[in-house]
Amino acid sequence: MATIELHNVEKKFGESFAVKPLNMKINNGEFIVFLGPSGCGKTTTLRMISGLEAVTSGNILFNGRDVTWLHPSQRDIAFVFQFFALYSHMTARENISFPLQAQGLNKSDIKQQVASVAKLLKIDHILDMRPGSLSGGDQQRVALARSLVRKPAAFLMDEPLGALDAEFRESMRAEIKQLHIDQGATTVYVTHDQVEAMAMADRIVIMSNAVVQQIGSPAEVYHNPSNLFVARFIGSPGMNLVNGEYRQGMINLPGDNQYRVPDRWRSRLDKDLPSSGKVIVGFRPEAVRVTQEGQMRANVYASDLHGGYSMLHFEVADGSIIHARAGRGLDYAIGTPVRFDIEPDMVRFFNPETEAAMVNRE
Amino acid sequence: MSDIRLENITKRFGDSVALDDISIQIKDREFFVLLGPTGAGKTTTLRVIAGLEKQNKGSVYFDGQNVNSLMPADRDTAFVFQQYSLYPSMSVYDNLAFPLRSPLRKTPEDEIRKRVLEAAEKLRIMHLIERKTAKLSGGEMQRVSIGRAIVRNPRIFLMDEPLSNLDAKLRESLRVELKHLQKTQGSTTLFVTHDQIEALTMADRIAVLDAGKLLQIGTPHDIYDRPATTFVAQLVGTPKINLLNARRENGSLNIVQSTLSVPTPMNETPEEVLIGIRPEDVKPGSGQYRGQLVLTEPLGVETILHIKSGEQILTSVVPGTATYRLGEELPFALERERLHFFHMDGVRLS
Amino acid sequence: MAQVNTVKPAQAAAPRPAARRHLSDRRIVQLFIFPTIILLILMNIFPLIYSLFLSFNEYSVISADAPRWIGIENYADILSDAQFWHNFGVTGTYALISVALQTVVGFGLAMLLRTKFTGSGVVTTLILVPMMLSPIVVATFWKLILNPSYGIFNYVFGFLTLLVPTIIGVIVVALLWGTLPKLLGEQRANIGRIALLILIPVVAHLVWRFVLSQEGTYGDFFTRVTYRETAPEWLGEPALAMWAIIIVDVWMWSPFVMLLCLAGLSAIPEYLYEAAAIDRAGGWFQFRRITLPQVMPLLLIAVLFRTIEAFKQFDLVMGLTGGGPGDVTETVSVQLYQLAFQGQFDTGKSSALAYIVLVVIIAVSNLYIRALNRAREG
Amino acid sequence: MATTYSPSSPVNYSTRVDKVGRGQRISVTIRAIIAVLIAVLMLVPVIWMGMTAFKSRPEAVAAPPIVFFNPTLEGFISLLTERRQLSAAEQAVMQARTDLDYPNQIALLRGQTIIGTSAFPRQLLNSLIIAGASTFFSVGFGVLAAYAFSRFDIPGKDDLLFFILSQRMLPAVVVTIPIFLMYKEVGLYDTHFGMILLYTSFNLSFSVWLLKGFIDEIPKEYEEAALVDGYTRLQAFRKIVLPQAITGIAATTVFSLIFSWNEYAFALMLTSDVARTAPPSIPLVLGTGGIEWAAIAAGSLAFLIPVVIITFVLRKHLLRGVTFGAIRKG
C-alpha cells in the first residue's frame, strides 16, 4: 500500500489559483475524502495525485519516492471516474481483464483474477453483458472491479456515486466503505456531498475556492468546525449562526433575546473577541431545546416532518431562520411564539471578522 | 382559489400507458404533492390538468366544472417548469409581466407594474428586476419563475420539480420558504417531486405514483407510518427501511437466514411475509436480539449502524454521540408496535 | 398564490371558453405544411410522373409530332447499349476511387487537426473553403491550372514529389517517438528527433539527385518517372483525364470527410483516454479500440453521402472535360444531358435513362438517410 | 498485499495523456506546422486563380507560369466589355487620341475598342435575383413546415421528411427533363419566375431539414409556458420561437443562398439568355481573340469571393449545413 505526501502542491491556470499550495500526508490504508462545493479545487488535486493533471509546482511522493512528473501508468494507481469510463464496445469481462492484458499477464491468470474480483463485487451474473445495458449501480461495480483487479497501491475516486440515482447511492456508499475495510487500500475520494464524506471518511479535507478550510475526522468537522464555511457546509441543514453582541458573560441576540454564555467559554470570549464585542453564536439543530422557560423567543416560520424526526423553523427578529430538530409529535401552527434554549456543551462561538471558530482549551 | 378533481384519468403514449385510471381529489388551499420515481406519470398528470396534454379517458374538474374542452390559456393555471421557465432574452420585469400582457388578460400597464413589484417583494427579488434572466443564479431563476406564477394569482399552482436542479443548501432554504409562502397565501398547489424529503416536509397530503398507477394517498404521517406497499415503504425514509423475508412457525415469524423472530401480528397471518423495520426502530444497546456490528456510517447528528444477524444485515440509526466498536457483539431491541407487515406481493397486511 | 386580502368570489367565473377565435393546433399544422407540400408536388412529383409516362414513348421535344407509345423499347435499347454500360463503369470507378481517396485524406486531416493549437480554427475553416465553391467555377479555373504549359499543377506536383523524403522522415520520427527516450534517455530524446527530421530528407534528396537521376528542373522529375517527352496533359490524355477529375474532386470534398471525422473525434469523452492511460494502454491500442469505433458511424455517413454525390457528378465533368477525350470520362449524367439537350433531343429515351439513374440513387440515398437517423439518435 | 510497483514495468506512452510531460508541446507544434502547410497547399489553386485575374492576357498564359507581375485590370475589363478588333489604320488614329478613358486605353493595347458592356454583369444580377428570391421563399415556407414537423407528431412524419429530403438526392439532370417540358408548355422556359419557382422547391427540402434541427433545440417549455399564460399557439410561435430561432434562420438563409448561387445544371438547361445566371456563362467567357484566361479568372474571382467570406462567417454552422442539420455537434 502507499503513503501519499503532498509538498506545496499547487496548480495555477494562467494567473488564477486552481489549488493554493497544499501540504498534507495521507497515511497507508487511510480513507481520505476531499469535500467541497464545485470548483473548489478538490478534483484538480485528485487529478494531480493521479498524474492526469500536471502540477504547477510542488512535489508528490508515493512511499517517499517522488512521482510528480511520472506518467499516470507509472504510479500504480487506479482511478474510478464519475461516468464509469467503461469501454462501451467491450463486455464487462473484457473491461475488467483489460488492465491485466495491458500488463501482459497470461490468459489463465487473468481469467482467475477476474472471477475472484467479480465474486467479491457480486457481478458474476453480468460479466458477459455490455456496459450500455447495465444499471448505473452495476456499471460502477464493473468500474470498481476493473480498478480492484490490478491491486494498485492507491485508489483514486472522482465522485463515483455522482451519476447514480438515489436508490443505488445509499447501498453503493456502504459497499465502497465495506470494500475499503476488507482491502485496507489507501483511498483518496472526491465528492461534493457532505453526507457521503461524513459516512465514509477516516479524515475529511474540506476545501473552498482552492484553499483547505479544515482537515479532520467526521466528528471533529461536525462538532468543532474551524470556521463559518465548514459550519455552514457540514450537516443538513448546516449549523445555525446568529449574530450577537457580547457583554461580560451575556450575548444580546436580535429580538432583544439574552443568551447567558456557559462559564467554560466566558474567559475565552472576554479575551479573544474584537473590541466591538460582535460575536456569532453557532449551534446544531439538535442542540435546540424547546422549553417553556427557554432563554430565547422566536415565532414559528414553518414545521415539517422528516420521517423519523420533525424539524421546526423559527424566524428570528433579523429575518434569519433557525432550524430546530424535534421529536415526531411536535407540530406548531405558523406564527406561534415559542421559547427555546441551547444545549450548553454543543454551543460554538465564531469571530465575525476572521470567521474563525473560538477554540476553547479546557 | 379552487379545488381540483381528476376522475379515472387514463393517458397512453403509443402503446405505453402513462396514466392508468387515476382519480384524485385536491381540496382548496391544499399543498398536494405527487411523489414517485422518474417516469411514474407525475409530470403527465400536471400536463393533463394544465391542458398541455389531452387524456384518452376520464375528465378534469375545477370547482366541480368540467374543463376538458378548455385550452390551456382558458384554464387559468400557472405552471412552474423544472427548468427553462424563463424567457432568456427578457429582463426579470418583462418575464414577470409577460403573463399579464397576454391577450386574455389585457391588464393596463400601471396595474401590471403594481402586481409585478408586489410579487417581487414577496419573493425578495426586488434587486433583480432589471437584470437579464440569463445572468441569474439557479436559485434566483426559480424565485422569478415562482414570482411569474404568483403575479397572475391563478386558480391552481402546478409545479414540476422546481427545486431539483438547485444545489443541496439552496434546496433546503427554498423548501422552507416555499412552504411558508404557500401557507400564508393559501393557494391550491400541486407539487411534483421524486425527492421523498421534499414530499414529507412540504405536503399537506401526498399521492404516491409508480408506472402510471396510484399506490396511496395520505398525509405525510400516513405515508411514512402506514405505507400501503413495500414500494411506498422503501421510497420514503432515509436510510431505507429494512425489508426482511420471514416464515410463520406456530405463532411467531422467523426471519429467514437469521436467529430473529417476532410474534405474529394477527391470527390469520399468511405463511410467508415481508417484515418492514425502519432503522430508527432498531434500538441497539439492550434487547433480546444479538448481532455483530459490521459497518458504521457516522453522519454527525446520527450514526448508521449495520448489524449482521445470521446472514441478514439490519441497518439501525442511533444518535451521533453514541460510540460503538466495529465487530463488537451488540444486543438490540425492535419497536414491536412500529413494525410493518406485507404480503409477498408487497401489499400491506390489513 | 391569491392575495389574501382581496376577496375572490369562490365560484371564479371561468373566462369565456372557446368562444375566443384562435386556431386549433391541427388547423395550424395544416396551414404551416400546406405551401411546402404543394410546391414539392408541383415541382417534383408531377414532373416525375410526367417523365415516367414519356419514358414509355418515342418523342422529341423539338419535333412537331406527338409522343408515340412504344412500351419498354426505350429501356430495352438503353440496357442493351454498350455505351450505357461503359458510362456506368466510368461513373462507378470514378465514384469508388474518388470516395476512397477522400476518406483517407479527410480522416488524416481530421487526426491532424484534432488537438487544438493557436489558429487551428482558422486553418480548419480555410481547408473547408473549396467545398463551398461552385463546382463549375472550380472546374473552370482548374482547367487553367492543369494546363500542361502555363498551368502550375505540374510544377507544384513535381515539387511535391520532392517532399516525399521529408514526409518519410517525419513518419520515421513519429514511429520512433516512444523508443527514442529509451535509447538516448529522456533529455537527449528530443535532440535525436530533430536530428532525424533534418538528416533523412537531405540524405534522400542527395541519393535521388546524384545516384538515381541527372540535372533538370523539378518538373523534370515527373517526366523522368513516366518516361515521357512532354509534361503530362492532364485533360487531354485518355489515361490521365479521369485522374484529373478525381484530383479536383478530392481537393474539393476531402474537407467534408474531415469535418465529419472531426465532429466524431470531438465527441469522444476525454476520460476514456485517461482510463486507458492509467491502464497502461499503448497509443496503437487507444487508436484501434477507442478512437476508431467512436468515429466509425460518422465516417460511414460521410462515405455514403460522398458516394451519392459522386454518382450524381455532372458539373465537374462538364467543366473539366465535357466527357472527353472521346468518352473516357463520360459519366451517366453527362450522357443523359447530351441525349436530352443536344444532338437529336431524344426526350423519350433520356427520360427512360433518367429513371434508371433515379432508381439507383433512391436505393443508395435510402441507406444514407437510415444511417443519418441512427447517428442522430445514437 | 499490493505488489511493490517497479518503474521498470512495461511503460507505454499514450499519445493523449503525456500533456503531463514536455513532449506534448513539441508534437503539437509539429502537427500545427504540417496542418498549416496542407491548408496553404489546398488554397494554392484559389490563390493562383485570384492572381491570374489581375494578369494581362500574355502574362496569364506565360509558360513557365510567372508568379511576380505588375497587376492590371485587363482581365476585368475584357470580362465586362464587348470589344471590336480595330484595323491597323483605326489603331493608328486611336493611338493619337489622348482623351481615351482607362478601359479604352487597355483595350487599345490589344488593338481593340470597347463597343458596349458584356452580358456578364446582367448574368451576375440574374444570379443574385434568382438566388435571393428563391432563398426568401424557401426559408419562409421552410420555417413554417419545420416548426410543424418539430412540434407536432404528424401521421407518417418520418416518411414525409424522407420524401422531402430525397428530392434533394436526385441528380439535377434527371429532374430537369420533365421540368424542361413543363416549362416549354407553360412558357416558363428561360424566365426569372420559372427559375425562382424551381430553386425555391429545390432549396425547400434543405431548409425544412436544417430549420427543424434548429427548432428542435429550442426547449418546448418556453412555448408551453406562454400557452398556459394565455397566449395562443400562433402568438407563442411568433413571440417565443421565432426570436430564438434567429441564428438558425440566418444560417439556413445563407446556406440556401450559397447553394442556389452555385447551381449550374438547372441554369444550363432551363435558361438560354433572359434568365441566364453566372455559373453556366463563366466557362464560356470567350474573348474576341481566343480564350481570355485573365477574364475567366476575373469572372471566377468575382463569383467566388462572396462565398469564401460567407464560409468564414458561417464556420460555426458548417457541420450542420452540409449534413442537412442531421449532425449538429459531435
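All chains are identified by letter, namely A, B, C and D, in their written order; residue positions are counted from 1 within each chain.
Going forward, contacts are C-beta pairs under 8 Å (C-beta built on N, C-alpha and C of every residue); 3 or more make two chains touch, one makes a residue touch a chain.
Not measured: the values here are computed from a predicted model.
*Asks:* List every chain that touches both subunit B and subunit C.
*Replies:* A, D
*Asks:* Give me the two chains with the most inter-chain contact pairs.
*Replies:* C-D
*Asks:* How many angstrom lie between the centres of subunit C and subunit D, each centre taken as the mean Cα position?
*Replies:* 16
*Asks:* So the centre of each chain is just the mean of its C-alpha atoms; given that, what is the distance between subunit A and subunit D in Å?
*Replies:* Centre-to-centre distance between subunit A and subunit D: 57 Å.
*Asks:* Can you give the whole-Å distance between the Cα centres of subunit A and subunit B?
*Replies:* 26
*Asks:* By the touch rule stated above, which residues of subunit D touch at least two different other chains?
*Replies:* Only 10-14, 17, 232 qualify.
*Asks:* Residues of subunit B that contact two or more other chains, please.
*Replies:* If we look for residues of subunit B contacting two or more partner chains, we find 71, 104, 184.
*Asks:* Give the residues of subunit C touching no fewer than two other chains, as numbers and ranges.
*Replies:* 22, 274, 277, 280-282, 285
*Asks:* Any idea which subunit D residues touch subunit B in the complex?
*Replies:* The contact residues of subunit D facing subunit B are 219, 221-222, 224-232, 235, 240, 243-244.
*Asks:* If we count contacts the way the header does, which residues on subunit C are in touch with subunit D in the complex?
*Replies:* Against subunit D, subunit C makes touches at 22-23, 25, 28-29, 31-33, 35-36, 39-40, 42-44, 46-48, 50-51, 54, 61, 109, 112-113, 115, 117-121, 123-137, 139-145, 149-152, 155-156, 170, 177-178, 189-190, 193, 219, 251, 255-256, 259-260, 263-264, 266-267, 270, 273-274, 276-277, 280-283, 285-286, 298, 301, 305, 308, 311-312, 314-315, 318-319, 333, 336-337, 340-341, 347, 350-351, 354-355, 357-358, 361-362, 365-366, 368-369, 372-373, 375-376.
*Asks:* Quick check: in the complex, which residue numbers of subunit B touch subunit A?
*Replies:* 38, 167-169, 172-173, 176, 179-180, 183-184, 194-197, 200-202, 220-221, 224, 234, 236-240, 278-280, 294-295, 297-301, 304, 306, 317, 320, 326
*Asks:* Quick one: which bits of subunit A touch subunit C in the complex? Just the residue numbers, please.
*Replies:* By the definition above, subunit A touches subunit C via 50, 52, 71-73, 77-79, 81, 83, 85, 87, 89-90, 98-99, 102-103, 146, 150.
*Asks:* Which bits of subunit B are touching subunit D when the two form their complex?
*Replies:* Spelled out, the residues of subunit B in touch with subunit D are 50-52, 71-73, 75, 77-79, 81, 83-85, 87-89, 98-99, 102-105, 148, 152.
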